[in-house]
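As written, the chain order gives the labels A, B, C, D, E and F, with residue 1 at the start of each chain.
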Amino acid sequence: MPIKKVAALQVGSAATTQQTLKKILSYESQLVEEKIDLVVIPEATLGGYPKGSTFGSYLGYRLPEGREQYLQYYNQAIEVPNSPEILALETFSKNISATVAIGVIEKGGSSLYCTLVYIDPKLGYVGKHRKLMPTASERLVWGSGDGSTMPVVKSAVGNLGGGICWENYVPLFRYAYYAKGVDVWVAPTVDSREIWQVSMRTIAYEARSFVVSAVQFQPPVADDKTPEGWVKGANLINGGSIIVNPMGEVLAGPLVGKEGLLTAEIDTDDVIRARFDFDPAGHYSRGDVFSLTVNEAPKDVQFVNK
Amino acid sequence: MPIKKVAALQVGSAATTQQTLKKILSYESQLVEEKIDLVVIPEATLGGYPKGSTFGSYLGYRLPEGREQYLQYYNQAIEVPNSPEILALETFSKNISATVAIGVIEKGGSSLYCTLVYIDPKLGYVGKHRKLMPTASERLVWGSGDGSTMPVVKSAVGNLGGGICWENYVPLFRYAYYAKGVDVWVAPTVDSREIWQVSMRTIAYEARSFVVSAVQFQPPVADDKTPEGWVKGANLINGGSIIVNPMGEVLAGPLVGKEGLLTAEIDTDDVIRARFDFDPAGHYSRGDVFSLTVNEAPKDVQFVNK
Amino acid sequence: MPIKKVAALQVGSAATTQQTLKKILSYESQLVEEKIDLVVIPEATLGGYPKGSTFGSYLGYRLPEGREQYLQYYNQAIEVPNSPEILALETFSKNISATVAIGVIEKGGSSLYCTLVYIDPKLGYVGKHRKLMPTASERLVWGSGDGSTMPVVKSAVGNLGGGICWENYVPLFRYAYYAKGVDVWVAPTVDSREIWQVSMRTIAYEARSFVVSAVQFQPPVADDKTPEGWVKGANLINGGSIIVNPMGEVLAGPLVGKEGLLTAEIDTDDVIRARFDFDPAGHYSRGDVFSLTVNEAPKDVQFVNK
Amino acid sequence: MPIKKVAALQVGSAATTQQTLKKILSYESQLVEEKIDLVVIPEATLGGYPKGSTFGSYLGYRLPEGREQYLQYYNQAIEVPNSPEILALETFSKNISATVAIGVIEKGGSSLYCTLVYIDPKLGYVGKHRKLMPTASERLVWGSGDGSTMPVVKSAVGNLGGGICWENYVPLFRYAYYAKGVDVWVAPTVDSREIWQVSMRTIAYEARSFVVSAVQFQPPVADDKTPEGWVKGANLINGGSIIVNPMGEVLAGPLVGKEGLLTAEIDTDDVIRARFDFDPAGHYSRGDVFSLTVNEAPKDVQFVNK
Amino acid sequence: MPIKKVAALQVGSAATTQQTLKKILSYESQLVEEKIDLVVIPEATLGGYPKGSTFGSYLGYRLPEGREQYLQYYNQAIEVPNSPEILALETFSKNISATVAIGVIEKGGSSLYCTLVYIDPKLGYVGKHRKLMPTASERLVWGSGDGSTMPVVKSAVGNLGGGICWENYVPLFRYAYYAKGVDVWVAPTVDSREIWQVSMRTIAYEARSFVVSAVQFQPPVADDKTPEGWVKGANLINGGSIIVNPMGEVLAGPLVGKEGLLTAEIDTDDVIRARFDFDPAGHYSRGDVFSLTVNEAPKDVQFVNK
Amino acid sequence: MPIKKVAALQVGSAATTQQTLKKILSYESQLVEEKIDLVVIPEATLGGYPKGSTFGSYLGYRLPEGREQYLQYYNQAIEVPNSPEILALETFSKNISATVAIGVIEKGGSSLYCTLVYIDPKLGYVGKHRKLMPTASERLVWGSGDGSTMPVVKSAVGNLGGGICWENYVPLFRYAYYAKGVDVWVAPTVDSREIWQVSMRTIAYEARSFVVSAVQFQPPVADDKTPEGWVKGANLINGGSIIVNPMGEVLAGPLVGKEGLLTAEIDTDDVIRARFDFDPAGHYSRGDVFSLTVNEAPKDVQFVNK
């Protein structure tokens, strides 16, 4: 039986990217001990998710302190893949002999992107995916990715693919990945609600894939800093990481209300077993009725000089 | 507040189509009393879902008794829309002043289709949808529909659309319906498992639509007729009808283990409220990356004379 | 000399779309008297621009009252072109014998769009443009248009084209319009700042077109309703409508601090005179170095049935 | 705070290129004292801009004295980068520890080009840009550049790019540079009019970049040499150098009516702050609608010998 | 012997395009009588060539009267092919049973082009060529054509192709036409000098084609209107139309100093005879050494909507 | 004024190569006296141009005496550059302090080539050009050169380049040389006709270069040796050397009917003056429409060992 071990590392961003990185690296010995093959780290962990911020934006105007806040946020973001942070993660991945899939805030020129980075224990950086559609207030600070960053990454547990937070709800996005062939669906997020866990089970069952969803955990802030409309003393992000098998059954989690490492053994053959019943991009597709075109060209300007 | 009332009628097929029809019509007074605007009736209710049958089929050959069984099954199926059964349902719909969405087995020439029929209280028959992809052994007795029967039907509770049983898991099918504009997703089935109910919540949340899922209820058969591998004395189909709002919250059900009428009041404005956050075929789509072509032409032979 | 007269109607949205419409129509006799050929009405006038709103959105969550506010906002939006509001504007345009270019909030399914509608005095509705990229908090409530709604509209004052608010700053958008041939650039907005007026002069000079920019005027709200960070007692939107000739010279305005009709006579031959020096999509373009492809296909799903 | 200092050196061409070079070098001590990081020198300063000349050209014929004048003009032009003038500027740049961006007339075979040369204090010559489209009478004496000379140059104040005089009004040219990533827009010119200064503000605001525009200053010529249609005793080129921040606000200038050095301190982080609102080639671009191809190949003949 | 008759109509533009058109049409009976198969009419005849104009342009500035002059010039230009002037020429061509190749000033948006229009006696308008590179002061008022308007036109005298005025000196332009196969080279111009006639002989000999070059004739203007540097009382354009055979021998002309019709009989087989010795795009080409790519795509913006 | 002096030495081949060489060297003192900077010597002078020969060739066969004649011709040809003849010419060039451009028949293995050799007074042999395409019967005795022998040679009068006899009529060949930058076009030939002189003027004007064309002079042969179809007593090659300036004006010649030295003073700045109007590979080229690739690789066998 091809048994492997996967994990979701439920951590939250610290005050600075350097501190966050340090926190992640502190899990190295535990990950080695548990013989993990894949570890998923939540959305926006490196760079941060300043929950409850408005960046001083109101319909029709913006306050100068919003721009200042953006600059500070920008300064915590990282370059992908050429940056010391990626270098540190490559060493980390090598040391733990596991693929790392981690959510970061990426600098793309002067815009920011919410990005999922894949790092292979032997090859180092192997690909990234920029979130295609930010949600609500995220649209104030993050740009939108395009079809050119939708990699499928090989790993010891099979082909990896997936999306960040609510783009998991975009049916055509998911289908594009099904068609590329995904065995383990990676879903970093900051969504702690029960409906997210329900959705992870459905996606596992629809995709007939394993799902590893890692959610940030953020403790409460001081009462006078609690964002508008948020309950004082409540955790800012409450976790909820979960691991599901291809029949939609929960293997581990949800891990709620605290930081921690969630792990599960998986039998990678279960993907094939489950697709006997239903194979979304295989015997259950109806290519004669539905044909999907995915534009993977990088957008915008092309410089030609030959 | 635009409050309406929807229902799932959890019934099972009787020994004959005539008896089944009679059972359905017997709910008329209750439906009138409850002032229902939409009633959904399970998959294959008229015509029947002979659970546990193999139709004498083995890989490579078929027994003659299988053919006999098919003939009997064919004889219980109905024509759509030109049949006394549809006529009876039109009267029923008019009497209860509600749209009826009902699962039937439809004769299409010598083939059978698993079909969802829509009947309007004023206009009568207004459309049908043939299941696009039968599951497992269903492929022995049912044909596959095509893109020409994917109607959206106007009703007092908003635009209706949806699919039968596992085609609910087909992402491109759902997306095509989202693009056509659906307010209430109709999901007749015979799937009684908990994962189905989880999936209904996810689909409601992804579609930002109401979902009304009606499941058959079939009591146990005599022990000596219990199909191979089934638990003796266990209900053949255990129900599980459910009604969900566009935020993925359960409004009624699941109704498990018995026949019955499941109802819920709905505020139709909730669709707009919920799409403020996420609109799968609106502000959350990425038409520049994903473009879907839906072939709605009827298949089969085309005679061209120009 | 081909002398025509153009106007910017500097009004603000009233409490309801009906009241706003009534206010616009009240200018009919003045417009007739002034023999206006083109009147431009600001961004989002029909439907409204709820300045300072956050729609209950914070990074990572949304308050229920935000969804409620969205529903109310949705209910004030209009259908384009099939709605009583467009019908009323068609009559208005006919009565004043002038082309009307008006900013509205348009219902597109469950999403909203910030749309510029063109109405011809003889032909009625002739086209619309959906804002391509909402700014900041607008991204919480408006979807993004695509290349399929970028019409050039013929009128008595020449070809009309243009964009809404900050999409005026998108160079490729402007260039696409230059290439289609625009004589009068229409720029409805809610931006009252001096840099906007400077930009209108530059765009006129770059395009070698007339520019008619109409800005909303919104008086202050009660002190206790003043949005966060806004000065109490200050006008919510301070106007600033302006009319510029193709040499970048101001013909009328900016009209600041009050509602009103801003008008200017124009010599339509000035477009040709000015392009003698510089013709952005003509003798000054470098098609051998820069080639722009504009995708005018409507996005997303295509239903094919032939 | 990353504070730097930029300057526009508002000088005019002297009678010969040697004298002009001498005049530029005479500013060395002042530039050192002011600790300038970038100095921009106007269009055509080395080589000259013989304002008001017609080069004996009339529609349909040319006078021999026009050819003689061209020869003299040609002899004042310089080779780039292999010439004593560039060598002298490299030393100058090194001595003042600042990047120099200077407008020159460049010999390219027998044709002349209006060229912007970049010199780095450590690396010396680092790139040049040939004006893509001469204006009006310039077309009689200057050839047109192509896409192969559109460099972005790194400097202590960030990435430099830009264009010469009216090519600043070419939207696709500007956008190509935005896509390459420009922090400080360099705009040498001979345009002294107020609309130029307005345009510099708009370009800064559109690009969300700093703008340093250096304009020549040329005093009047003797009355009997005043060119046709020019006011006797008026300055030939009146200056107007200006420095603008990424929000379109004027930091220094316009310096009008005299030679001189215009300087401003800049906070280079302002680029990021400003792009929070608007990032023309980032979160505000619509690559799905507009795709620009920039041909950077050198034109014409290719000699292949392998 | 395949004997045909070709003509150059040496006329000049009158005060207005209407008067010029009238003058051309007045030759109808003479052309019929002479049984002409092809008549070539000079460069810019319809629209005019305002010899000696500067359009108020000086290096670095433009006078307002220059723009006014441009507007008047623009108003005399014509649309191609949708204009009454082209319609009139189609009738003319039909009446004289001859192909007409005529130089016009064409409106292309707000820019002007110097264009060669081909009209077939049976098919009407069949193609146009926009001058690729205006000369000297022409660059102030005319745009540049591109590779998309380089047609070869079939006629009773063989394949027609050619260029306007000095683009006849562009070797790659000529070669592109040789490669397309030209039997009669059409060369409308306003160049009256002897070197032009010498060049026409060389081009005929190089191309091994007939050449028909039609030159405008413009009488002197009043002494006080004589342009700068021109001899008072001298003809503004002195004619010089010429017809040459494929061996470079003059068949008719040059017709100097007066308006008139120049005609010659030609033996169309002479093209083949002459190419026995030398065939520039045939047995004398060296495709292994020289390969020419001609970009015939229309430049600039492409609107895609499928 | 940069005044130089150029010459065409109009001589004919003598009975043997040695005698021809002697004849050339006999002009040494005259060349020194006249202070010539460049002397051009006709096509095939060393080696000979046996006018009127058929080399016994008929379509489909050849006579043995033809082969014998070829052998004798081969024996008069020279090696380039390793031969006593080249050595003698190097001394000659040094003595007269002038660049020599001379037409020779070159041995290339067993084939012969019609070659133009360049000799510098200081550097000696500096390059050669093999005629790319022999004309008519020349194809019986000469091979074709390739792109590897198209040098541009620096000299006291500027850059030299050019071609032999009718390859002067090959537009792409000329253009390749224009792109390399030629100031003085060298055209050795045996073509005595008037059309050649006309063509030299046109090429000078097109290239905006000086042209020095040297033509052989061959007196009549005895009547009984007059080749078939030639006029008895007529000169075999009648000269016609000519020197032209960049405006197409004849500076000297044509020298007709006798041997002799043709000389002219030239102002090398005239190249720049003339290119003010027209620069074929500079401001008049259209690289966006026409792109030429020149294959300069030597043909033949390539031995590859990597």
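By definition in this document, a residue touches a chain if its C-beta (ideal position, glycine included) is under 8 Å from a C-beta of that chain, and two chains touch if they have at least 3 such contacts.
As the structure is a computational prediction, the values presented were derived from the model and not from experiment.
Chemist: Same or different: do the copies chain B and chain C touch each other through matching residue numbers, with over half of them shared?
Modeler: Different, since under half the interface numbering is common to both chains.
Chemist: Could you compare the number of C-beta pairs in contact for A-B with that for C-E and name the larger?
Modeler: More C-beta contacts join the chains of A-B.
Chemist: When the centre of a chain is set as the mean of its C-alpha atoms, what distance in Å lies between chain B and chain D?
Modeler: Taking the mean C-alpha position of each chain, the two centres sit 70 Å apart.
Chemist: Taking each chain's centre as its mean C-alpha position, how far apart are chain C and chain D in Å?
Modeler: 35
Chemist: Centroid of chain A to centroid of chain D, CA atoms only: how many Å?
Modeler: Roughly 46 Å separates the two chain centres.
Chemist: Quick check: what residues of chain F touch more than one other chain, meaning two or more?
Modeler: 147, 175-176, 277, 285, 287-295 - these are the residues of chain F that touch more than one other chain.
Chemist: With chains as vertices joined when they touch, what's the shape: line, ring, star, complete or other?
Modeler: It is other, because the touches fit no line, ring, star or complete pattern.
Chemist: So which chains end up touching which?
Modeler: Listed by label, chains in contact pair as A-B, A-C, A-D, B-C, B-D, C-D, C-E, C-F, D-E, D-F, E-F.
Chemist: Show which residues of chain E lie in contact with chain C when the two form their complex.
Modeler: The touching residues are 55, 62, 66-68, 70-71, 74, 108-111, 141-144, 146, 295, 298-306.
Chemist: Quick check: in the complex, which residue numbers of chain C touch chain D?
Modeler: 132-133, 135-136, 144, 146-147, 166, 169-176, 178, 195, 198-199, 201-203, 205-206, 247-248, 277-278, 280, 284-286, 288-295, 299
Chemist: What residues of chain C sit close enough to touch chain E in their complex?
Modeler: Within the complex, chain C contacts chain E at residues 147-148, 175-176, 179-181, 208, 269, 271-277, 279, 281-283, 285, 287-288, 290-297.
Chemist: Where on chain F does chain C make contact in their complex?
Modeler: Spelled out, the residues of chain F in touch with chain C are 287-289.
Chemist: Under the stated contact criterion, what part of chain D meets chain E in this complex?
Modeler: Listed in rising order, the residues of chain D that touch chain E are 49-63, 136-141, 190, 227-230, 236-237.
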